[in-house]
Amino acid sequence: MMNDQSLAIRKFSDLANPTRFLGLAERLLPWFSGLTALLFVVGLYLCFTTQGDYQQGETVRIMYIHVPAAWLSMMCYTVMALSALGTLVWRHPLADVSARAAAPIGACFTLLALVTGSLWGKPMWGTWWVWDARLTSVFVLFLMYLGLIALNRAMDDPGKAAKVSAILILVGFVNIPIIKFSVEWWNTLHQPASVMRLDGPKIDPEFLWPLLVMALAFSMLFFTLHIAAMRNEIWRRRVTSMRRQAARNLGMEGRKA
Amino acid sequence: MPVKLHVEDLAARRGEDLIFQHISLVLQAGEGLVVTGANGSGKSTFLRVLSGLLPVDAGRVRLEGAGSDNLAESSHYLGHRNAMKRELTVSENLVFWQDFMGDSPGGRGLPVEVAIDALGLSGIGHLPFGYLSAGQQRRMAMARLLVAFRPVWLLDEPTAALDASADRMFAGLVRGHLEQGGIVVAATHQPLGIDGVRELRMTGFAGVFAEAGY
Amino acid sequence: MIALFLRDLKLSVRAGGGALIGVLFFMTVVAVIPFGVGPDLNLLSRIGPAILWIGALLACLLGLDRLFQAEREDGSLDVMLMQETPLVLSVLVKCLAHWTASGLPLVIASPLLGLFMNMNEVAIGATMLTLLVGTPAITFIGAVGAAVAVALPRGGLLVSILVLPLAIPVLIFGVSAAYAAVEDPAPFLPPFLILIAITLFFAVIGPLAAAAALRSSSD
Amino acid sequence: MMSHTGYVMASYGTAALMVAGLILWVFADGRGRRRELKALDDAGIRRRSAPTTAGEPQ
């Protein structure tokens, strides 16, 4: 997955001019969507051909959706934090576009992680919602996503809004470890992080392959949607600036005539 | 060391609209500049960029001869709003601004009572600011310029709510400040009633400015 | 700086000030709970600290969006932005003034409300102590929300939505410290020290982020 | 209660639904903006080549 990350970094930094970004987006999107579709086909095939877990039975397959979605919600917020740095530190004109485009996508993935988490919890722990550490932190992250989307929608002038929402993204980003630590401290029922363990994944390779492929599929999906959403945002800003230009032209004619 | 204000090829932008560009001028100590132009031609933007409240799109603003070369720290900004609290009395407001702002090197602010008398409002220092009329409130906002010393005054339509006598009084204040070697930049429609003042006419939207002679 | 602190204190005590409203809101919220939960005394005493904490959190958030809005509307914010004294310091002083005006009264009122919730002396003392240490953190976090709300045309209520997720750790450690004092096995010190750590952490992050937000949203 | 496979189907179903919804929303948003831009172009509004938003949309 590392190569996607580096592509994202390189793609942002040398594309100060939106037009070149649009050009690249037009060329990249077909490839990205093709690759995403392929990965999903392979992933889903793998999910359903491996035999179920001896103890949880079929429900382990839900993990192949739940875990990648949770990873994606974290990755998306990291991309937004990077964009926030782009706006504040490097004053990159596309950074705010990227943060504003990524927020709704991140919110959807977080919601997906919550829904599949509770669907997985019902057969395993008997209740739809369990206030366990990991689920609660993801829920708080979901609240922060909604807050950011609400903030982006509340501000009409994109220029001014960019810096302010970037500051809030960074303050939120700094808080994620605190929230995670405090919620974890508060109550932990969720099984310890089986995949992210430092000494390598604890679960045996049988489950690992579908998980990683699905994670790659989800990441590619995110990047495809993110580029497309950024393209839309650039167009939306062009439309508003052209409309304001039209209004001013009328003003000019008024004064000259 | 007399203060000198340098504006080098200044340009400012609000949102996506370029308001003005290529403005360059130098103001010696004791010189005043009146910024004129139609509404929305960028007068307020020019003053707010000088006072550091708006980011500079291009070019630079520099002040020589005052403590620090940051213009904002050694200048007063008097905007459309009076920066006074309605619940506090006039003297409480002025005492606060005197303590909070302190004096720039090279001068001392007047005591609050003297400043109030200078504005012709002696005796109503104890009234809450909210009770005063618009004209009186505007004069009190000007008293803030006197209680703390700043070599540069940036005034955005200072005489907006003032009557004729207040205009003359204000012109006297500005003349006094200039004689002490201060610099005044005022955006205004009516003439300030001060002779020997340079004029900068803003021609509005990204139009190149035309600096009128004396 | 002292001048700013005293002026803000005077302002919040004067007629339009927000200090009184915060305490009244705190009392009404806590007084209403028994009517909903029912007069079962030992239940009330069990959930007492939590109710006091939640009430204090909401009361603190209530007065926050006016923290910078008033300054911006009357133009004082412009003058503050221009001063040599760094804006972060002025924001820190304003937060402290706001906390003294509306946070401290909550701490002082909490024992009285503790009696409503039939809490014993140890619980009341612990809740008061944790509130004393925890409410500044809420003010500091809220300062970021208030600074952002200044830039919002219709901002006000959005502050609470933005700030609540960030204030959750404060609530968690505040309440768990208050409970730890009552039930013996649970240690009181760890959550209490973490709460202090969080407050100090936000004492730095809050004013920094708020000052940056204020400076970037001035127009 | 629902059998285990029921939950699996439910979660894959919601996942498919949400992913499809996301793709649809992005696609529809794109087409809407393209239509608006074309309308503005037809109305003859030429964008002054401001440095940051220069160039014509593809």
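Note that the chains are named A, B, C and D in the order they appear, and that numbering of residues resets to 1 at the start of each chain.
We take it that contacts are C-beta pairs under 8 Å (C-beta built on N, C-alpha and C of every residue); 3 or more make two chains touch, one makes a residue touch a chain.
Note that the coordinates shown come from a computational prediction; the quantities given were computed from them, not determined experimentally.
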Legend entry - Most remote chain, CA-based centroid, reference being subunit C: D
Inset, instruction - Give the chain pair, either B-C or A-D, that is connected by more C-beta contacts. - result: A-D
Inset, instruction - Could you give the separation in Å between the centres of subunit A and subunit D, each centre being the mean of its C-alpha atoms? - result: 15
Inset, instruction - Report the inter-chain centroid distance for subunit A and subunit B in whole angstrom, where each centroid is the mean of the CA atoms. - result: 48
Inset, instruction - Averaging only over C-alpha atoms, locate the centres of subunit B and subunit C and give their separation in whole Å. - result: 38
Inset, instruction - Between subunit C and subunit D, tell me the centre distance in angstrom, where each centre is the average of that chain's C-alpha atoms. - result: 41
Inset, instruction - For subunit C, write out the residues touching at least two other chains, lowest number first. - result: 219
Inset, instruction - Pull out every residue in subunit D that's touching 2 or more other chains. - result: 50, 52-53
Inset, instruction - Could you list which residues of subunit A touch at least two other chains? - result: 160, 241
Inset, instruction - Using the touch definition up top, name the residues of subunit B that touch subunit C in the complex. - result: 14, 51-54, 68, 70, 72-73, 75, 77, 79-88, 92, 95-97, 99-101
Inset, instruction - Enumerate the contact residues on subunit A facing subunit D in the complex. - result: 17-19, 22-23, 26, 57-59, 61-62, 65-66, 69, 93, 104-105, 108, 111-112, 115-116, 119-120, 122-123, 221, 225, 228-229, 231-232, 234-239, 241-243, 245-246, 249
Inset, instruction - Could you pull out which subunit D residues touch subunit A in their complex? - result: 2, 4-5, 7-8, 10-12, 14-15, 18-19, 21-23, 25-27, 29-30, 33-34, 36-37, 40, 43, 45, 47-48, 50, 52-55, 57-58
Inset, instruction - Quick one: which bits of subunit A touch subunit C in the complex? Just the residue numbers, please. - result: 88, 140, 143-144, 146-147, 150-151, 154-156, 160-161, 163-164, 167-168, 170-172, 174-175, 178-179, 181-183, 185-186
Inset, instruction - Would you tell me which residues of subunit C are touching subunit A in their complex? - result: 144, 148, 151-155, 158, 161-162, 164-166, 168-169, 172-173, 176, 194, 198, 201, 205, 209, 212-213, 216-217, 219
